[in-house]
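There are structures below to look over.
Both complexes shown next keep chain A, but they swap its partner, so chain B is in the first and chain C is in the second.
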Partner chain A sequence: MSAGPTTTTASGTLQRDLSAWKQVFIVGLLFGGAALYVTLVGIVGTLAERAVIDDVVTVGELVLLLSAIGAGYVGALRAPAGAVNKIIGSAIAGLMSGAVLSLLILIGPALDLGEYLPNASRDLYDLISGAEILGVKNTAEMWNGEAFPHTFWFPAVIGTSLGALGGLLSLLPRVARNLILLGVGTLTITGLFAGIMRSPMLQHELTSNAARELFASNGLRMPGVFLVLGVVLLVYLVWVLIEPKRRYDELPKETKEHPAVVIPAGAIALLFVLMLPLGFTGFIPSVIALVALYALMGLGLNITLGLAGLLDLGFVAFFAVGAYTVALLSGTSDVSIAALPFFVTIPIATLAAMGFGLLLGLPILGIRGDYLAIVTLGFGEIIAILARSDLLKPLIGGPAGITGIPKPLASIGIEVGAGSWLSGPNQIYYVSLISMAVIAFIAVRLRDSRLGRAWIAIREDEDVAEALGINLVQTKSLAYMLGAAFAGLGGAVFAMLFGSVQPSSININVSILIVVIIIIGGMGSIPGVVLGAIVVIGLPELFREIAPEYRFLLYGIALILVVRWRPEGLMPSRVGRQEMHAGDTPTEGEGPAPPDRPDAESASASSASGGA
Partner chain B sequence: MKTTLRPRRSPSRTETAFEAAVSAFLWAFRILLVLLVVVGSILTISSGKFSVETWVDLIVNGAVQGGIYALIALGYTMVYGIMKMINFAHGEIFMIGIFAGYFTAVFLDEAGFLNANPLTSIISFLLMMLIAATASTLVALAVERVAYRPLRNSPRLVLLISAIGASFFLQYTIAGLFGSGVYRYPTIDILEEDVALPLLSALGLKWIEVVVIVAALLMMALLYLFVMRSRIGTAIRAVSEDKQTAALMGIDVNRAIVTTFAVGAAMAGAAGVLYGTLWGIFFFYSGFIPGIKAFTAAVLGGIGNIPGAMVGGFVLGEAEAIGSLLIFDGLGVPAPGQLKDVIAFTILVMVLVFRPQGILGERLSRSRA
Partner chain C sequence: MALLETRNATKRFGGLTAVNDLSFDLEEGAIVSVIGPNGAGKTTFFNCIAGFYQIDEGSITLDGVELHALRPDKIARLGLSRTYQNIRLFGGMTATENVLVGQHQHLAANWMQAVLHTPSQQKEEAEALEEAHRLLDYVGLEGRHDLLAQNLPYGDQRRLEVGRALGTSPKILLLDEPTAGMNPAETHEMTGFIRQLRDDLGITILLIEHEMRVVMDISERITVLDYGERIAEGTTAQIQRNKRVIEAYLGKAASEAVIGEYEPDEDEADQLAAAEEAGAHAPKPGLAPAGDETGELAEKD
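Up next, the complex of A and B:
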């Protein structure tokens, strides 16, 4: 079937071409499979609620369109040489990817898939068969499986044409291709944020007209589209023609680090960070506070995982200790024992978690690395069970938890109005910022200390570290205690942010989330952790209609992809990048393992310690 | 070949004050724990609150649950033996078995085959196990191919993180595909009947409980024979012992690893059907906690050790079933059943701290670390 219209003479070339065509088919099927997957898992249906361009294209549709274009693009790369071959290959790959969806439309209703797969609903069939665009009504016979939907060919046709488009894209010069990708990407992101940007703009007379012109409540309007594309084009031209990055890189070091440059730049950055939540209304300040809170906990775990290489999946245990300590010491509920101000309760919570860390850490730190992960996971579960048990109910409130935890300022008797710049979430944001600064300072200082070097040595090879005279248990328990302390701090701030602690928030997912933040951001890198928190916590929070299920689905995919393709994370520390790529060995994984390294695990994810 | 798991103290070094404190702390911990168990048990038994039938019921429950743990634990233990990694996604492989068995059962039920007569019921049950094992195996092989194989030579922590990713991916894929609600297995009538055999009727057993235990023992015996007697089983053991030497001996290392994953997943998938038929209700998260507990069972028996996984599974099942009532009720803890999981996880911690080689000892080669 894959003979294709190649005109080769030598059988060797034919062989090669045949295998290339086969690959094109496989690429098409893989992309089609991916499209089918996101469709049936429900991502397409959920995202179809959200428009990129008002009344033109939704995010859900865009995902499907991009999968066809992607199939065409990759198909063209795999097809035999020659522009004609490339285009045909990309069209075939696009056809295959669309055909998978066509097949779904053909057999889905007949097999009554919707009974088992809730997402295979009529809306979904309408969406992928283009019923609305083509103005076709799918009849009742179709749903009974007595007739095929009239437009089952729609995905295949669209797939073929978009595939060819993807092929064309691969033939374009790099500069043009990047421009197009950048345009589409920016358009998608601004489309997603349109609703969020619109509401504050509507409140001011100056911007309200512009807001109405550019943004719909859901997606961009046409003038907005042109504006975005124009800005992208302009920025791209500046980028290509003036090359600001190259010019900056070529500046002599003295200029870059001259106080006259550094101080104003630093001041502007600091001001930006301090003013960040002030420009927003609605739920955005809460999101910012939450991101700061997770960044804070990420920095804490970064010491345990990034420096000492101990994978702690029981982070939530100490988080719980911190949260419940604050709740007991400052709450107004029945079980609370005191009403102390926040600058007393937060340090106490931190110390309590630290003590717990020592108590739990001592027995288990002799355990080898991957066992440690499971044991700490067990701790997390034990604490979660205890938190909701009847046993501790008289002390900590059982399943109902503890409510009535005051915000920091309220705990010292200062009441602020709802609209004030020091409203609840903003207080949390500033508390988190200060805590982050403290943790980052401690992390940086410790990294360069004797202790930090001992941690790195342990991470790289426990046996060698011990032979060098490092006391393993003592050194590891210090790392574990610090991690626990910052988890407690995080829990304390968390309790204040939400004003209550419930056992349902003491959840393994908290531990996993923080690991995801660190892995995605870059182990051992402080800016990486902050970026990780923004990506992992902030982005999904902004798109609230995306159900939590899809978040964790995406986290799972992200973990697999990141450790496979970019083990150093998005924003790695300098040392981390070097380490991850210095040891690049052919990892085809087919052959025998490299020389036995009994310590492989203590080398951990050998990221590095380097910070900013 | 014998190496201790915890860093060995060199005899020439004197104990520092810190180490002495740690060891004193650990001893106090042990004594406290033993006291807790002993005092609690004595108080519970002497209170006479619970009849013999209650205990028999609990022991049966423990054995049934233990059989399921043991089947899942086999996958952990074999994969750990051969790849030195904790297959964090194994619990999800088990969960996929539950779902696959469920859909088969629903299909057979709608066709009127499931409860037509005892013979069709038995055939249906076997078919469910077969399909669940197949589905689990296919998913496990895909996970191995995508998430583990490319990282085979990476540090173990990286593999573990990839496995956590795979675990979440599978969980929430199922949640997305089939919804996050609770499902209920169609009942197989003959399995719900009481056992009316001469000796067993006194125990008040249901057929399903007998089936779970027998099926678990049978599958474990078959697996043991497979690993000990077959050619590929020998290859698996050789690769577990020493990958490089095995490769030099002409063993296809890759094939051995893939077979290990497949066999472990098939056991987990079949266990999924047992679990579903036994408990009835399940959802997308049903694999996670049993998975961790089965890992506990594997560690308890001695990881890498196949008979160990069986012993560990049954011991854990019993400890969980009896333990919470036996220990906590006497101590006056309200609703001791809530603390069932605490017992399992405490056992995990205790074993790793005090006897990391497990009950039957570990079967790991030099590359333990």
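Up next, the complex of A and C:
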């Protein structure tokens, strides 16, 4: 919308329109600048290896195309009213975004940009000037510094047309627009994962033909494109016309919770979860096991942070205790002291971590909020340093760590082949599943108990909780210890998954990762934590295939998006949603100004810090 | 022995003496108000009693037990409960859950029993839930038990705070400005309700209030603080006529103007006469010399 004065005189309108067009130009330049940055930083170049639709468009090209369309879309939003104006505005914005890249083509080789920015290579110039598409040959001659880059106009022209397309998109009714966006998005994602989906399908007779038709090793083939678009269209039509979600919500509670509905649904879900790793080969079962492992630890931290509001950033300390306990009790390094089976080592590791939690917790649990975070962070670092120290080397192996930790079945003497359903990673997966079930059970039971209420009360307003007779240190210790126990359990399982424990795996990233899982998934909500683990751990592992350098970039973007648009998490608990959007509804009571104590935290501040 | 006895309590924050040599008795079963201008130290006094602050000098005893250096949760277990000037409910919990938290100290199940859902734990939870519902109905929150505390209207939130405090089965209840922000009708209801708490449940009430209607209506004794010191104590009639009190609220000129022109109206005069006849709430020796109409303090304790 224009930002000009709101008079209705002719000159007022003119002024408003002029400032609108100015905005259109600026939008185009901004998108162009972003495209330029992304190009010079190398994202486009790397992603150009990766096809979305085989032989048609790569991810890198898609990024540039989308920047032009995006410029057009936003430009149309900013342009003055009227369809013609909007289209012209979108074309201009697209033109500006493309012009920036055209400028790069014109100036770049002359300035020998490639010397400072290695990504500004000939291949890049070829890419953005459309050499392949226009069939220009002898590009080497074009870039000898004296020759004129003939097709420099390419980005600008493409930008203009795509910008206009973006403008058209903005004028479409929302239903159509959503469909198009959904189609493009799904195509991109399936294109990215085509290779991953193809390999297992090639191995089974039934699916190998389909795999060859639909997927190339790199991107979708045309039949696959049509299939994806067809499915998207179908699903969308069903969603819009039949409105399944609304109808489900409107069902009476008795129907939704009726045993005849819940039991089969639960059975199917259970079956799916149990059979999940069996459909995959290669590295995917390991990824699934790792996701389950982190979900397990997430559930543990969910009790400490999600229920009791204790900002524990030193989770990795207990993880280390669990991992090293298992390593010492079943590994084959010199420092190992026993060779016990897994059903002995795991409980011992859990209890050891719990004991550690008590030990570390008691002195510090009087500390509040952010300061507790720092102290626990310190603990994590102390443990990490101790793990690789020479001081403890005779006991726990120093920087080399401990190796030779057997998988669960191996520890009781059962050898299993790699392809069997009980292969190493799958064993870990099932152990993690069982542990997750145990934790979830404990968490649910505790939440509706005296202790759970005390935890939530402490999280909401510690001082008032204390004034109601709750012993803060005792209650907090229990939360801290339970969280520590499950961190230790996670560490134990981790040690068995990778067969060894190295101090390099004991680092602050583990702690932070688990906190991120809870935040993205939804604090306090058990399905949310599982979803968080899938998103935070599973996706980057899958992205390793596609763009290894950028998985943390995508990761960071996902984090920012979730925290900005959905701070309560992807699948929050009822309370989480209420807490995060409390400011949206006018339910605050009036109260006299002076607080109860000079350093009193208001209820929202304490829940915010508990929820940080 | 009074239920709550304060002797020479002093609380300092650096250079500021918020409570200064305060001595005060609260008899069991009484409803007493603490009033005074803003900043007089009333809430600080409450916080000292409840254990949020530790007094620097003097002593506070509840039922003979010295409260100094006791943690707030210990003090709560001695039978003291309070509400807050700015409502401090557990917003994300339902009304029922808030009251259940109040009952924390009276429940015995530990976490393992909770996980295993032992019969004794289940029985205890069921009983606690029933009690919570009963308390919520008692404070006037029928039908709203399952609403989130932060979604309740303001008046209901005040009631819930009282309900939660009642969950602790207190002997003595500190109410910090319970009618703040209420309209006259709600104020009148709350006043009756407070009296009911004492009459039905035998709870001793100590009240901080600014709304003089409430103070004069409900209090059996009034203690007036200014700058952390007790400047007057007595019945409502005595306090209304106390020069120092008026001075504290309205300034010296006003006190002279008011005292000079003051004449008790008919009702007042009857009240005074009746009180003196019945000998009820006779001022304690040493605090307000007998026969003194204005509650003037002749000497400090």
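Everything below uses one rule, namely that the second predicted complex is superposed on the first by the 460 of 612 C-alpha atoms of A that agree within 3 Å, B and C clash if a C-alpha of one lies under 4 Å from a C-alpha of the other, contacts with A are read in each partner's own complex, and residues count from 1 in each chain.
Everything below uses one rule, namely that contacts are C-beta pairs under 8 Å (C-beta built on N, C-alpha and C of every residue); 3 or more make two chains touch, one makes a residue touch a chain.
Computed from a predicted model, the values in this text were never measured in an experiment.
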item: Chain B or chain C, by number of chain A residues touched; value: B
item: Which superposed partner A:Tyr116 touches (first chain B, second chain C, both, neither); value: first
item: First (chain B), second (chain C), both or neither touched by A:Val515; value: first
item: Chain B versus chain C as contact partner of A:Leu311, first or second or both or neither; value: first
item: First (chain B), second (chain C), both or neither touched by A:Val335; value: neither
item: Which of chain B and chain C A:Leu192 touches, first, second, both or neither; value: neither
item: Contacts of A:Leu104 with chain B and chain C, given as first, second, both or neither; value: neither
item: First, second, both or neither for A:Leu472, with chain B first and chain C second; value: both
item: Which of chain B and chain C A:Leu165 touches, first, second, both or neither; value: neither
item: First, second, both or neither for A:Leu409, with chain B first and chain C second; value: neither
item: Overlap of chain C and chain B interfaces on chain A (superposed complexes); value: 463, 466, 471-472, 587, 589-592, 594-598, 602-604
item: Footprint of chain A on chain C - complex, ascending; value: 13, 38-39, 43, 47, 50-53, 71-73, 75-77, 81-82, 84-93, 97, 100-102, 104-105, 107, 109-111, 114-117, 121, 125, 148, 150-152, 154, 157, 164, 167-168, 176-177, 180-181
item: Residues of chain A touching chain B in the complex; value: 37, 40-43, 116-119, 309, 311, 362-364, 366-371, 373-375, 377-379, 381-382, 385-386, 388-391, 393, 462-463, 466, 471-474, 508, 512, 515, 519, 549-550, 552-553, 555-560, 563-564, 567, 585, 587, 589-606
item: Residue ranges of chain A in contact with chain C within the complex; value: 441-442, 445-446, 448-454, 456-457, 460-461, 463-472, 478, 575, 578-579, 582, 587, 589-592, 594-598, 602-604, 607
item: Contact set on chain B toward chain A in their complex; value: 5-7, 16, 18-19, 22, 25-26, 29, 84-86, 103, 146-147, 149-158, 160-162, 164-173, 175-180, 242-244, 246-248, 253-254, 288-289, 292, 295-296, 299, 333-335, 338-339, 341-342, 345-346, 348-349, 352-353, 356, 366-369
